[in-house]
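Next come two complexes, and both contain chain A; in the first it sits with chain B, in the second with chain C.
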Partner chain A sequence: MDAVEKANTARQKRWVKDRKVGEGTYAVVYQGREASTSRKVAIKKIKVGQFKDGLDMSAIREVKYLRELHHQNVIELLDVFSSKTNLNLVLEFLDSDLEMIIQDRSLVFLPADIKAWMAMTLRGLEFCHRNFMLHRDLKPNNLLIASDGQLKIADFGLARDFADPGHKMTCQVITRWYRPPELLFGCRYYSSAVDIWSVGCIFAELMLRTPYLPGESDMDQLKTIFRALGTPTEEDWPGHTKLPDYVPVGQFPRTPLRDLFTAASGDTLNLLSRFLVYEPRRRINARDALNHAYFFALPHPSHPSKLPKPAAQTSRPLEELDGNVDMAGAGPGVKAAAPNKLKRKLTSPDGTDLRPLARRLDFTQHAKHS
Partner chain B sequence: MSNRANVGGWLKGKTVRKSGIISNVHTARSSTPQVQSTSSTLFSGGVKDASGRTTEYFSMDDQCPVCKSDRYLNPKLRLLVSSCYHKMCESCIDRLFTLGPAPCPICQKVLRKLAFTPQTFEDLSSKEFNKRREDFFDLHSYNDYLEEVEDITFNLINDVDIPQTEARILAHRKENSALIELNLQREEQYAQALKEQEELERQEKEQRALELRREQEIEREERETAQREIIDRLETSTKSAAKVIAKSRAEAMKRSSARSTTTTVLRSNAQLLRARAAQSTVVPDPPHVPLQDDWYAYEDLYTIRDQYDDMYSDAVRKDREGIMRAGGYQVEEAWDRALRCAVAGLDLAPLSGLNPSPGRTDSAVAFA
Partner chain C sequence: MHTSGQPPKYITIVARKGRTEAYVTYESSTWSETAKTIIDEMIKAINGMAADNAAKAANPQINSSTVKRSLYEGSTQYKSWRYSPEQLEQVRTSLNAAAVAVIRDTFEADELGSSEDVLFLNANEEQLLVKLYITKIPQLCGHFRFPEEVEATAISYLKRFYLKNTVMDWHPKNVMLTALFLATKTTNNPISLESYTSNIPKTSSSDVLDLEFLVSQSLNFEFAVSHAHRALWGIWLDLQSLPDVSEDLRPQDVYDIAIKHVRASRFTDAELIYTPSQIALASLALVSPVLAERWADSKAAQPLSATLDPTLGSIKYIITQMGHPPDVEAVREVDRRLKLCKNPEKVPGSKAYLARQTAEQRRAEEKRNKKAEDVRRAVTESGNPFGSELNEDEKAKQLAELDDDDD
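== the complex of A and B ==
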């Protein structure tokens, strides 16, 4: 056994896998713990065998960037080791993600809560951008929430560093609903502004409690964006008609954001509109966004420990539970989402993701709504 | 005969549903099955569930398989299910089984009028097929299970493979009897807890109403005593009448304002508790701090120039308004990166021994 192998087995022994909590396309996620301290961790086992040209690209990206990034609002990669032919990433264990929280109808968001989540997201993103890194897959599902309420950006499988001048990047990144128009038009040279657009979509989603721009296909996505924000003119966004995949999608008038976000304050709408600027160079950057008046206005952002958490974690009075919640506690399967579990896949129009079929034979819910 | 009326008790539920059905027929003649919602105050069409959660299944294209009468001909059509899972309309049941047990017109099994039940999924989905997400190892098997339940229900509704389906139900019952029992208990527990909570809330409401009444009474009494006092003082004191009245008015005001502040404090507390359910309000919300580190404190160590003699970005700079323009690519970012990487670790003391120097080690690692 050579020195490398020895080191690897030593590392492997530090961590214990407990049980499987999820399965993505290229990885299986286990809940585990550190052998010495029994600190909870998530172990992401990357399936290697199925890729004929070596390790999957996203695994390489994830290790490459997470190894270097250490920030309160970025998920921490604790260790990497190999077992047999598999690569194992040991990540911080986080209880839930923002998508679970948005979808949990029993939770009520205060404006201060949204402000706190936005500030944490932007701090994490600012940290990535200052280190010249694009995340390229921001969405509520990838914003994980720790038990103390801290939000952490996760899933760096699509991340890359800023391109050198003249180097092309792929435009097939970012989950469609959060993808900026320049990528939809096939632009190969872009900047950190792509992540900011996603942040804008998440901001809107936090207020609406439903995806803001849910396009059904790439073409429909552009239409959805323009329907919501108006078709850009050459003045709004110089040069966009010359982008590789440019196609005219029809003329839609610009409607004021106020029409949809009726309860939002002026500051809120101003920040949202600056996230969703068509021209990427004029789109606000993460650092300026953090210094925007919205964050300084009252109410102050909620303290992380006070932010709403999904039902499985906290015991709340019955009035807020909905009909299907199990009163006997979490049961054998704790609803903990480990990183990369059951995400909205980047390109799965056929809906192959593993969500529960929303068809429980329990008509009481329909009856209640009708 | 009076006994007979009691026996057919569930049949009388129909009178309640009349108007609902008729209005549905006129407004939305859709062919998709619907579940008719019944308000909990009404007796929900014979479904034995006081909580009003279970509703009777109801579809716009219901047709009685026996007499072929459908909802178009008879808007009041109500199909009931026999113990052999065959459905027929109320008038057929009346016609066939009023004189005592008779064979089912479809499968010849001997049936009684009493053994018909309204169409719900209560029996299947909540009494037997009541597994939960937590009872499964992964999502796939849970989805498979849901599908199977749907399958069985479909078969029962549409009279497909009845014996086989019944066998499946039996098998499921046998295999999972313990789990079914457990889940039934859980549901009961939940219902129980719900009831307790409702009871608690009701009591709280009553308590509040009581308090309010008591307060009003106290207020009234106080007003009366104050008036009496004024009269007494006017009788006894030697001061001017106006002064005496003003003085006792001020006292009364003070008392009532003290009372109202205590009640508002109580009320807003209750609201807060409700809104932020059981969360502690002792943690204050600190004001926003844009960045929580001193990264940009070092920015003045270098300045970016407008132009650099950079052969790599030559083409890009020549074509400033070209292909990179609309995508937002900025060559300045590349320069900024190069510069920052060049200068980032310069003011750091070299690592010595095992203790890395405090300060900006993280950034140094990031660029190593």
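== the complex of A and C ==
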């Protein structure tokens, strides 16, 4: 056997698959462990044989970027090996994700908890951007939570390097509810600001406990955004009416964020509004966001170990595994969100929990907006 | 700041405001960031420090990234693919010796004494052949109009592959085709396999895909490569904002010739020994030593050019002496001999090839049988009263599922 194959076999033997935890069209995920230490890992087996063009792009992107990025808030790729016609990624094992936590109605979030999750998300993202990398699929479901509470950005199947000026990129990225208006208008030249918009949506979702801008189609997404934040004027966003797929979707007035986020502090709303700036060049960047007054004001972020986490360890939702995106296909290159998620409910304010309720909710206002 | 003869891997710039100090560290591959960026960073850093210190004291969770860790040192290129000239030589010689020993054994197993007259390739001859196929990559890329990044990446892949494999096992022609196809994908410039193979004469899709795993494994799945042509572009942009570099000092043809030197460096080992920015700076120095010096000096408080000289000298030597395609006649001779000394296990139809295949099939069958036995036992032992009623189809299905789970 060749040295290279031998090395591959040796790597393969380092890891043991224990049980299948999910299967999608693109990959099977196993819970496993390192043979010598029994350290828990997740093994993502990507079926390569079925792709006529060999190793597929999302697998390549994921391996390429995770091999380079090592950061506390980015998922760690421990090893890669191949078996027959499969590619196996050995990833650190993470119990849950932010979506599960948001949906768990038994959990109550304090403002300090939200601040901690936001800080960890932004630290991971700032690191990606500092390495000239766009994630292009940020959403609660891709922010995984380790048992010690650390948040890790995962799923780099749509990631890419910053493009050179004048180099076109696809606008069919980022799951719809987290997709910024410039992509919905078909912008082919964009920046790290697209990820920042997603962060803004996640921030709002953490406070609302329900997706902030749940559009039902790409067209409806724009309407949903404008209904929430007001239709942009030429002054808000110079030149946006000249974008390739620009369509007027109606005039909506700008309502103050305060109307919906009734319990949020001034700093909180200021940072949120700077994530959700229409003009991408004026949107705050990850680094400046980390230096925003919000992170220096009281309350201090919760310690990761003290953050709320789901009581029952359920397996990861299968939708997560359908990460493969056919960029050549006719459909949008993003993962469709399950329709039932629209029904996601707000935490019931039953007040029986020891922790005080994080915020007051104005249900009537929210119903009007969604 | 460093003191040895080696060029610094990074520089740290200190900004002071009153009693507050901020440190900004740049690694050499990002020296091409403009001076303005650096100054802006420093101002931001120093202004951020006071607030930041207070915040840190109050809340250790928020760490500002005022002090940068060198990004280049975190890259797989730095960690896995940098060698000293001596290490490079040693890797190739021992790889070649090991390969020759294995192939000699295979010959002998086939027929005693049959390896005596075989003239195996040595490490230099292997290198010569690889170099020839490196020169084919720019030709193919020109044909496909691939961006320069694809070309440079494919060349890096080919070089890295032959630090783990021998040409006597894997002929560079196919490896080159696979490396190039893989590079289109890893640099985000994918084309369909069909349009790739149909544009290259006498190439089937299996010629490209069969080796894709082997190439990926050999690269240790480390697909990201930084290139000197990007570093040169960065330096060129920097030069346009240096106050003491007037426009007539930097005519366009300086860049045009420098990029040719960068391209010539791809025929050499330079990228396995030096960083992209070192190669870029040396390429510029070959055209305009003054510009190279001004740029280097603009990057630090003390002049850097003096400490960089020995390194730049070595790179310049490599580029001018070795940065050209190999002599075709010499390569043809190597290729002719390769036909006689290549590993018979890799030649379809040969005795050794068949023997290896048979052995592999036997192993696979043993594995399958063992699994089948395990399933049968599991069914029986579980005491399932319906176990015996499983028909053959279902059993086969069960086996298939098990097999799928286990690889």
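As a convention for this text, the second predicted complex is superposed on the first by the 311 of 370 C-alpha atoms of A that agree within 3 Å, B and C clash if a C-alpha of one lies under 4 Å from a C-alpha of the other, contacts with A are read in each partner's own complex, and residues count from 1 in each chain.
Keep in mind that, in the parts below, a contact is a pair of C-beta atoms (placed from the backbone, for glycine too) under 8 Å apart; a residue touches a chain by one contact, two chains touch by 3 or more.
Bear in mind the structure is a predicted one, so any value in this text is a computation, not a measurement.
*Asks:* Pick one for A:258: touches chain B only (first), chain C only (second), both, or neither.
*Replies:* In the superposition, A:258 contacts neither chain B nor chain C.
*Asks:* Tell me the contact category for A:182 with respect to chain B and chain C: first, second, both or neither.
*Replies:* first
*Asks:* Quick one: classify A:82 as touching chain B (first), chain C (second), both or neither.
*Replies:* Second partner only.
*Asks:* Taking the superposition as given, does A:238 touch the first partner, chain B, the second, chain C, both, or neither?
*Replies:* Touch status of A:238: first partner only.
*Asks:* For A:64, is the partner it touches chain B (first), chain C (second), both, or none of the two (neither)?
*Replies:* After superposing on A, A:64 lies in contact with chain C but is clear of chain B.
*Asks:* Thinking of the overlay built on chain A, is A:13 touched by chain B (first), by chain C (second), by both, or by neither?
*Replies:* In the superposition, A:13 touches no partner, neither chain B nor chain C.
*Asks:* By the touch definition at the top of the document, which applies to A:300: first (chain B), second (chain C), both, or neither?
*Replies:* both
*Asks:* Quick one: is A:39 in contact with chain B, with chain C, with both, or with neither? Answer first, second, both or neither.
*Replies:* neither
*Asks:* Return the chain, chain B or chain C, that is in touch with more residues of chain A.
*Replies:* After superposition, B is the partner touching more of chain A.
*Asks:* Touching A:290 in the superposition: chain B (first), chain C (second), both, neither?
*Replies:* So A:290 meets both chain B and chain C here.
*Asks:* Return the residues of chain A at which the contacts from chain B and from chain C coincide.
*Replies:* Residues 20, 68, 70, 119, 126, 130-131, 287, 290-291, 295-296, 300-301, 303, 327-328 of chain A touch both chain B and chain C.
*Asks:* Of all residues in chain A, which touch chain C in the complex?
*Replies:* Against chain C, the touching part of chain A is residues 2-5, 7-8, 17, 20, 28, 48, 52-55, 57, 60-61, 63-65, 67-68, 70, 80-84, 86, 116, 119, 126, 130-131, 160-161, 287, 290-291, 295-296, 300-301, 303, 327-328.
*Asks:* State the interface residues of chain B toward chain A in the complex, per the touch definition above.
*Replies:* 35-38, 53-55, 57, 121, 124-126, 129, 132-140, 142-143, 146-147, 149-150, 153, 186, 189-190, 193-194, 197, 201, 275-280, 283-288, 290-292, 295-296, 310, 312-313, 315-316, 321-331, 333-334, 337, 362, 365-366
*Asks:* Applying the document's contact rule, which stretches of chain A touch chain B when the two form their complex?
*Replies:* Its residues touching chain B are 20, 23, 68-70, 72, 108, 110, 112, 115, 119, 123, 126, 130-132, 162-166, 182, 185, 187-194, 237-240, 242-243, 279-281, 283, 287, 290-291, 295-296, 299-303, 305-306, 314-320, 323, 325-328, 330-333, 342, 354-357, 359-364, 366-368, 370.
*Asks:* Would you pull the chain C residues touching chain A in the complex into a rising list?
*Replies:* Per the stated touch rule, the residues are 48, 51-52, 54-55, 58-59, 61-62, 64-65, 68, 71, 74-76, 98, 164-165, 169, 181-182, 185-186, 188, 190, 192-194, 205, 208-209, 212-214, 216-218, 220-224, 405-407.
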